[in-house]
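Look for chain A in each of the two complexes below; its partner is chain B in the first and chain C in the second.
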Partner chain A sequence: MNLITGFQFLLAAGDAEGGHHEASPMAQFYGLMVLIAIVALVTFLFLGSAKKGLNTKFFSKTTTKLLEQLYVFIEGLAIGIIGPHGKKYIPMMMTFWLVIFVSNLVALLIHASPTSDIAFNLGMALIAVGYVQYEGMRSNGVVGHFSHFAGPKLPIAMAVFITPMIFLIEIVSETMKNVSLSLRLYGNIFGGGEAVVAMNKLGYNGDTFLLPVGDFLFPIKLLTCVVQALIFCLLFAVYLSLVTHHHEEGHDHESHGEAAPAH
Partner chain B sequence: MAFIAVGAILVAIGAFIVNSKSLKSVEDGVMNAVGLHIDFGKLIATIGMFTALFKIVEYFFLNPLFDAIDGRTKELEHTFGEAESLRTEMTQLKTDYEKRLTETEANAREQIQAQIKEAQDLKKELMADAQRKAEEYKQQAIAEIESEKRKALTDLRVHVTNLSLQATEKLLTENVDNDRNRRIIDDFLATVEVKN
Partner chain C sequence: MLEQAPLALGLAAFGCAIGLGLIGFGAMNGMARQPEAIGKLQTAMLIALAFVELVFLLTVFVGLGSLKA
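What follows is the complex of A and B.
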């Protein structure tokens, strides 16, 4: 009975965004929580299996090798984009990657996923952008971080008019990063699911299901799973590099006995 | 633990917001206007879930992975270091061996040269000694030959003298002073030798 109720929650969460028939807000909430729990469970099972194969010699277990490959990939991404100090962001990037990828895989199997819910994606985006702002303030100081939003130093007559405008645009730009991160993921996963449903109707003559046309999109959707996880992590790394590279440059200049230039 | 607690609190707040009607007007008004329905409760709960999830994943799974990879890297570095050290040691040993080999070859060459020189000196010495001894033997032989020749001549002279005396004695059949006759004959023979 509980199992049936749980799946009703899942359907409620999935259908809530589709808008076919409105479930109660609480059912949608629990549906999302169950989906997140499924994603967390799959992630933990994978990570737990990988953890069993950890040693200091040679990783022979398949899941451990896969996790190592993911680590190497994310490490390359973090160090390549952010710089040598990007290593400390690897845990967060890996968690983002795993959660988004597993969520997208869940969407392939049960046609309902946390990443097809805009609230979930916006929540992740808020965490990502909030963390970027926190790191920016930690690296450059609160004043230093927000002074970046004011643009270059201008003569006083121009600064009076242009600097507030640039500041406003930068604030909007920073806010839009949330929208960019969340809507892209939501659009791809939810849109992909809807496209499958819509195309499947082409092979349905009203009584019998002739050909699941939409399910032929599976390879593309599988690619989308990887690409969307990659894009989220890539953008997160780019945002981090934008707010932390000044700090690192400053360190470099200081280490060479030069004063860091004003930004 | 603090992160997990914060996450749980945020999930509870999210559930409370979903259940309450206070934000419904904001959600319906703002989000529906742009065609998106964003549930603030789910949003807060998601942030809460992630806050906890990040720490759980990092603490229980990623940190052991990083430790294992770091450990493996250190072990590899250690192994490579040992291999490098062994290689350096082997190179050093090879250099020493080659040096010793060169020295040994030089020593052997030097000893061979010395032995050859010694042998040549010995040969020269032996040759000289042999020549000297041969010369000595030759001189000795010449001396002995000379001595034997003189002895033979003397014996011959005595014998001839005796024969002459015996012949003369028989011929003259008279008592002649034997010593005086011998001296006369010797003088005669000496004269004959000088003439010859």
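What follows is the complex of A and C.
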């Protein structure tokens, strides 16, 4: 416990009002921001130098191959779900994967992380769903995208009653995508941390920690980190495939839409 | 209200575990029958797992809210 608060204190070294026994929430916040900045810096350095072709000269094969494996994995996900035109969504999915995975890894060590904050997750979900809407409008046109919400073409007599209802339901489900994306991530990461704290009390003897029982959940939390990052990207790809798979009527070999769930 | 919230969480976990088990059961059966379709099955399985888990997480938020209130 001392080690953890000490680590948070170390992270918050730039804060002026240090000196309390425990780092204040604001100090923890700044500490996490610094941590995120460092991680983003390192990631961008890696990616930037890989783009320049320096990886064969300066980086060992292992690092390069690790990142290439990640790229191949995301590429397989994008092409398998969205279809052949899914290649252009790889950077977005890669960004989401890296941000979520690295943020989840923070939650393994300290009982705080960007993804265990509902605001961060909601912001990411808003970006994801907003991007999906933008792509839908770009590939189907604004009218086409919104008429996609209105369901199938019906005879006029039925359309008057049914189409507004379908439109309303589709708008609600579109809005609930934000809630589902953000709450799933938040619940898994925050709940994992809460479970560790609750189980740590089992080994608490009143004044000393005999055994940090909760920290033995580490492997499960590691699994959760990977799976939650994967699921966010997966659902993002599924939402993209739902809005963009109408517009390619030119070449309809059945290479898309088989991995995507039923519409 | 305070005493019943943990029981409610336990019941929610009970149902969620059954649902997740069914999904895993189906996916394992499919994978054993058709090992070449493992990639697609895993994708579909993870999506289904996510949707089942979300219901449980919603219950957790309601339960925690009533615990703290």
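Following the convention adopted for this analysis, the second predicted complex is superposed on the first by the 190 of 263 C-alpha atoms of A that agree within 3 Å, B and C clash if a C-alpha of one lies under 4 Å from a C-alpha of the other, contacts with A are read in each partner's own complex, and residues count from 1 in each chain.
Keep in mind that, in the parts below, a residue touches a chain if its C-beta (ideal position, glycine included) is under 8 Å from a C-beta of that chain, and two chains touch if they have at least 3 such contacts.
All values derive from a computational prediction rather than experimental measurement.
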According to the stated criteria, A:133 is in contact with first (chain B), second (chain C), both, or neither; which is it? neither
Is A:231 contacted by the first partner chain B, the second partner chain C, both or neither? second
Scan A:80 for contacts with chain B and chain C and give back first, second, both or neither. second
Who does A:48 touch here: chain B (first), chain C (second), both, or neither? first
I'd like to know which partner A:36 touches here: chain B for first, chain C for second, both or neither. first
Tell me the contact category for A:184 with respect to chain B and chain C: first, second, both or neither. second
Which holds for A:200: it touches chain B only (first), chain C only (second), both, or neither? neither
Identify the partner contact of A:163: answer first if only chain B is touched, second if only chain C is, both if each is, neither if none is. neither
Note which residues of chain C are touching chain A in the complex, please. 39-40, 43-44, 46-47, 49-50, 53-54, 57-58, 60-61
Which bits of chain A are touching chain C when the two form their complex? 76-77, 80-81, 180, 183-184, 187-188, 191, 227, 230-231, 234-235, 238, 258-259, 261
Spell out the part of chain A that touches chain B in their complex, as residue ranges. 16-17, 25-26, 28-29, 32-33, 36, 40, 43-44, 47-48, 50-51, 54-59, 67-68, 71, 90-92, 94-95, 98-99, 114, 117-120, 122-124, 126-127
For chain B, which residues are in contact with chain A within the complex? 11, 14-15, 18-19, 36-47, 49-51, 53-54, 57-58, 60-66, 68-69, 71-72, 74-75
